[in-house]
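What follows is a pair of complexes built around subunit A, which joins subunit B in one and subunit C in the other.
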Partner chain A sequence: MKKLRDRVAALLDEGAVSLVIGYEEGTKRPRPLFCRNSESSGKLIFDSRCFHNLAVYVTKKELVGKERFAVTAPISTLRSILQLYVENQLSEEKLLVLTVDLNGELREFVTFEEISAYVAQFEMKRGEREQEILSKIEGMTREERWKFWMGEMSHCFKCYACRSACPLCYCTKCVVEVNRPQWINPWPSPISNMEWHVNRAMHMVGRCTACGACGDACPVGIPIDLITRKMMEDLAPEFGYIPGQPAKQGNALSSWKLDDREQFIR
Partner chain B sequence: MSKIGVFICHCGENISATVDVERVAREIGGMEGVAHAIDYKYMCSDPGQTFIKEAVKKYGLDGVVVGACSPRMHEPTFRRACAEAGLNPYLCEMANLREHCSWVHEKSEETTEKAIDLVKMLVEKVKKDKPLESIKVPVTKRALVIGGGIAGIQASLDIANTGHKVILIERDPSIGGHMSQLSETFPTLDCSQCILTPRMVEVAQHPNIKLYTYAELESLEGFIGNFKARIRLKAKSVNYSTCTGCGACIQKCPVKKIPSEFNAGLGTRTAIYVPFPQAVPNKPVIDRVNCNYYKRGACKICEKTCQVGSIEWDKEDEIITEEVGAVVLATGFDVKGTDFFPEYGYGKYKDVLTGLQFERLASASGPTFGEIRRPSDGTIPKKIVFIACAGSRDPAKGIPYCSKICCMYTAKHAMLYQHKVHGGESTVFYMDIRAGGKNYEEFVRRAIEEDTVNYVRGRVARVYEKDGKLIVKGVDTLLGGQQVEIEADMVVLATAGVANCGSEQLAQKLHVSYDPYHFFAEAHPKLKPVETNTAGIFLAGACQAPKDIPETVGMASGAAVKVAALFSNDELVREPIVAVVNRLAPPLYSTCVGCFMCETACPYNAIEHEEIKGRDGSLIRTIARVNEGLCQGCGTCVAFCRSKSIDIQGYTNEQVYAEVMSLLND
Partner chain C sequence: MSSSTEFEPKIIAFVCNWCTYAGADLTGTSRLKYATNVKIVRFPCTGRIDFLLLLKSFAQGADGVIVSGCHPNDCHYTSGNFHARRRWIAFRTVLDLMGVDIRRIQYSWVSAAEGSKWADLVNNTVADIRALGPYAEYQKVAEYLEKEGFDEEA
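Up next is the complex of A and B:
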């Protein structure tokens, strides 16, 4: 931790970066810290409780400004950053990524390739909670699944916390706000809730890196992160992707390969 | 409120026999925003069109829906009528009541109701139509021809003779292609080189043709009328502006045993070489793979020999960019080697040849100066066997198609052999004789009847070597499947014509389609044989399928006419049905966030990056922009755009939504 604090202080003092996005101690759990000077770097922490996905801030121009900045990133945040690179939302000149590896060593990344190589060491696994609920859902028939999700979605009151927490929901105008035509009704109701969540899921296909931030943010506890996680898991083997390790360009659904014989389409 | 005019056509009885057209007109006439609705027997006829024109003026219509046949058939007709009456043509649309309704349903209430629904949808769509202007794109009047065989030569000359500039690129050190390798040509037996070489010279001297030999296409960007070609000029290691082509370096080169490509491996060449004496340009290149200097760092004999100091050891590949308006693909074909045939000895018997190798033996410029001699011992073969359809028409070998030229050149080979080797015996094994073409059948009959070539209908199961002879075991199906065994001195396989190596990669660079055998695909097998699916790229010759010289030349001239027709326009006019990325007032500029998923999804490379800059020149954002010239209006990007920042003009989200809602809101 000391190494991280010292390095951040040095970076800010040198003027190498103008901002470091990291974690500090909160009332119940760590919360984001925006370090703009070396004094506040003493508050920085980085441990296993720091899972809030800070990648959500790196696309906010009003926050990060025009100067170079840094972010401390646990593995889930690194995956999101990779995906944001693929989607042309980040530039290597502007962002410095810091992490602390399993041996407690401070690591710094500048390029997409460096992060990609580091992330490749970590396999994407379901946690206990995900495993429990997903195995229950996987055991259901199609009708039971529909009933389960309709039940869950009926609690949704469309606060869009899931959207705010997701680092990949960076559109300046979300599809729910498009009103010419109004494809999705904005008010909460079982059907329009489902419309929103189906749309959200479809927009995440081939992009979601299963950080779980959306499910974590849901104030009524709908496990919505499992929809996009399951889609990611199903997509990976069929499209030759490794979950959480995006290819440098394109997307499973938008790109194609000549040698792809599409055996799974029958 | 909208003032839409609706015109329902009976199409003779095509529609009115199953749809109650009067009821359709009556009910649609009651719709909100419909100012005028009528039905008529032939809406496309002159009186029918007059109804539309008069109604536009009389009711001040701001949109027209014609319920009739397919828009493919008559949309231009009705749009023109509207334009003549002063209405923007893109405010006129068609509901397909014939193919989508009357032809596919029985006469009933429901059929009429479906027709009403179809028209209703279009009325709602037309209400949201916006006047559109046709897109005009400029044309660069310069053509790129890829491949310097007879197809590329002919296409280049024809285009150049219309007064337009041509850039001809050829992968090998000389133009000429396969035709320059041939001995004589069927059905007249005139010498191939005698008719080809004058044209090769004409290409090199033509003021409108810029020739790049030893060059390959690196990439092609852009769209019809506006391509940008990057061409790799491979390092020749010889300065062509000073080289006099004296050939002294070639004589002195110590590396002499390289199999000659021009002689199909039957002769040898040196490391610094001109492929053949009549080559254009007639100046050498150094084959860096085989040259002693490039291999081991020492030799440089050619440099010492050269009187004018033309050898350039450190010359590197150069990449140039040329702007062109059209591309003609004329990359030709290749033939399978003898190693493709296990049953004929896997290519290990020296006296089993391909048809192309036999051409070299029979050619006056070949390794034996036109005498038919065995490559193994140089003796003249007394008995020779020709095997037609070697590989071709054999699904088991993965070549189910007919290579088309083999029947004719095999007859020619047998004839040449009989002319050159008096008293020789030649046998042709064939499946069928395909001699469709002017004077072709007569030519084959001449081989059989006058030159006494023995034609045996049947396949050859095996060829093997025994005591210096090649034992050919076949069957004669016309004699009831009798076994035939011939002790031959030479066997010539009419091996299948296949796509040239690298054709798949080239097709991908150019975004043109190709068939399962990697031959380039024409846009329509009958009506668009020289066009590809990519506008502005045309095909000539055997790169599309195996074909003989007259057909190749015809096709090349066809492609040249297409190019000339394209170049006769100063601007190209396109339908404005293209995708558009929205633009908004600052500070938003657009709802596009620049994720460029559309870019990877677009099959036509139509998405570009647009940099939005502030007054001080600083970059504010990078967003997507659609190139109108490239966009085909397929809508894939629209489906991909999460923020709905892209729309298709004439098929906007709003219009599609209005169409759907018109059905749901009943």
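Up next is the complex of A and C:
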């Protein structure tokens, strides 16, 4: 922690970066901290409670400005950053990534390849919560799944916190703001809520890194992160990409293979 | 002939302009009879068919949906149907997870020369959907679409 604070203070004093996005102690759990000078770097923390995905800020041009900046990133955030690199939303010249590895050592990443090599050591697997709910859903019949999701969807009031929390939802104009045609109704109702979440999942095909930020942000606790996670788990082997370890081969939906599955096509 | 009391499913077909629409045209000019339950919507390409349109059809009261276009390697725009096929795989995965009845969405390849295949496709789909019955489960929830509130008891 001391190493991280010292390094951040040095970076800011040298003028190597103009902003460091990190975590500070919040009322209940760590919250984002935006360090613009070395005095505030003393508030920085970095531990296992810091899972808020800070990658969501790195595409906000009004926040990061034109100069070089740094972000402290746990594994889930590193995966999101990799995906943003692949989608040409970040450049290596502009972003410095800091993390503290399992041995408590401070690591600095400048290039895409460095992050990629580091992330590859960590396996992506379901946590306890994910395993519990997903195994319940996997054991359901179709009718039960429909009832389960309709029950969950009836709580959604379309605050779009899931969209705001997602680092990969960076479109400047979202489909829900399009009203000619009105794809998604602006008011909440179970079907249009489901349409929104199906839509969100479809936009995440081959992109979602299962960081869980959307489910964490949901104020009514709908496990929406599991929709994209399950989809990712099911489709990754078929479409031939490794989740959370993107290769520069193009998006899953903008590429195709001659022998894609088509048994369902009559 | 079906009796008047039998359930007549509403089916929306999303077809591409270059193959299936021309194929359905050939069905007509060949004077082949097929079920009248289908309403055809013409698109420039299967790659243009937005997945939300399929959900909108169900919300608007369709009991089944047909999506059809050119055979692989026959696409007028070279790869539109390959992209569409990928999207359908993903879409089916998501819908199945959400518990939507994916048996009600029938995908097919029908070329401009396959007038009889189109007739068979429609007839078979109508028979399948008729066996499944009306998609009341979806439509019942979709009725709330026009209301601002949702009463869980209702």
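The definition used in the following text is that the second predicted complex is superposed on the first by the 254 of 266 C-alpha atoms of A that agree within 3 Å, B and C clash if a C-alpha of one lies under 4 Å from a C-alpha of the other, contacts with A are read in each partner's own complex, and residues count from 1 in each chain.
Everything below uses one rule, namely that a residue touches a chain if its C-beta (ideal position, glycine included) is under 8 Å from a C-beta of that chain, and two chains touch if they have at least 3 such contacts.
All values reported here derive from a predicted model rather than from experimental measurement.
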{"item": "Partner chain in contact with A:Lys28 - subunit B first, subunit C second, else both or neither", "value": "neither"}
{"item": "Subunit A residues touched by each partner, larger count belonging to subunit B or subunit C", "value": "C"}
{"item": "Touched partner set for A:Met194, first subunit B, second subunit C, both or neither", "value": "second"}
{"item": "First, second, both or neither for A:Trp183, with subunit B first and subunit C second", "value": "both"}
{"item": "Touching partner for A:Gly250 - first (subunit B), second (subunit C), both, neither", "value": "first"}
{"item": "Partner chain in contact with A:Lys2 - subunit B first, subunit C second, else both or neither", "value": "neither"}
{"item": "Which of subunit B and subunit C A:Lys173 touches, first, second, both or neither", "value": "first"}
{"item": "First, second, both or neither for A:His203, with subunit B first and subunit C second", "value": "first"}
{"item": "Residues of subunit A that lie at the interface with subunit B and also at the interface with subunit C", "value": "183, 253-255, 258"}
{"item": "In the complex with subunit C, residue positions of subunit A that touch it", "value": "137, 140, 142-150, 154, 183-185, 187-192, 194-195, 197-199, 201-202, 205, 227, 230-231, 234-235, 238-239, 252-256, 258, 260-262, 264-266"}
{"item": "Subunit B - residues contacting subunit A, complex", "value": "508, 588, 591, 593-598, 600-601, 622, 640, 642-645, 653-654, 657-658"}
{"item": "Touching residues (chain side subunit C, partner subunit A) in the complex", "value": "51-52, 55-56, 59, 72, 79, 82-83, 85-101, 106-109, 121, 124, 137-138, 141-142, 144-145, 147-148, 150, 152"}
{"item": "Residues on subunit A engaged by subunit B in the complex (per definition of touch)", "value": "87-89, 170-175, 178, 180-181, 183, 203, 249-251, 253-255, 258"}
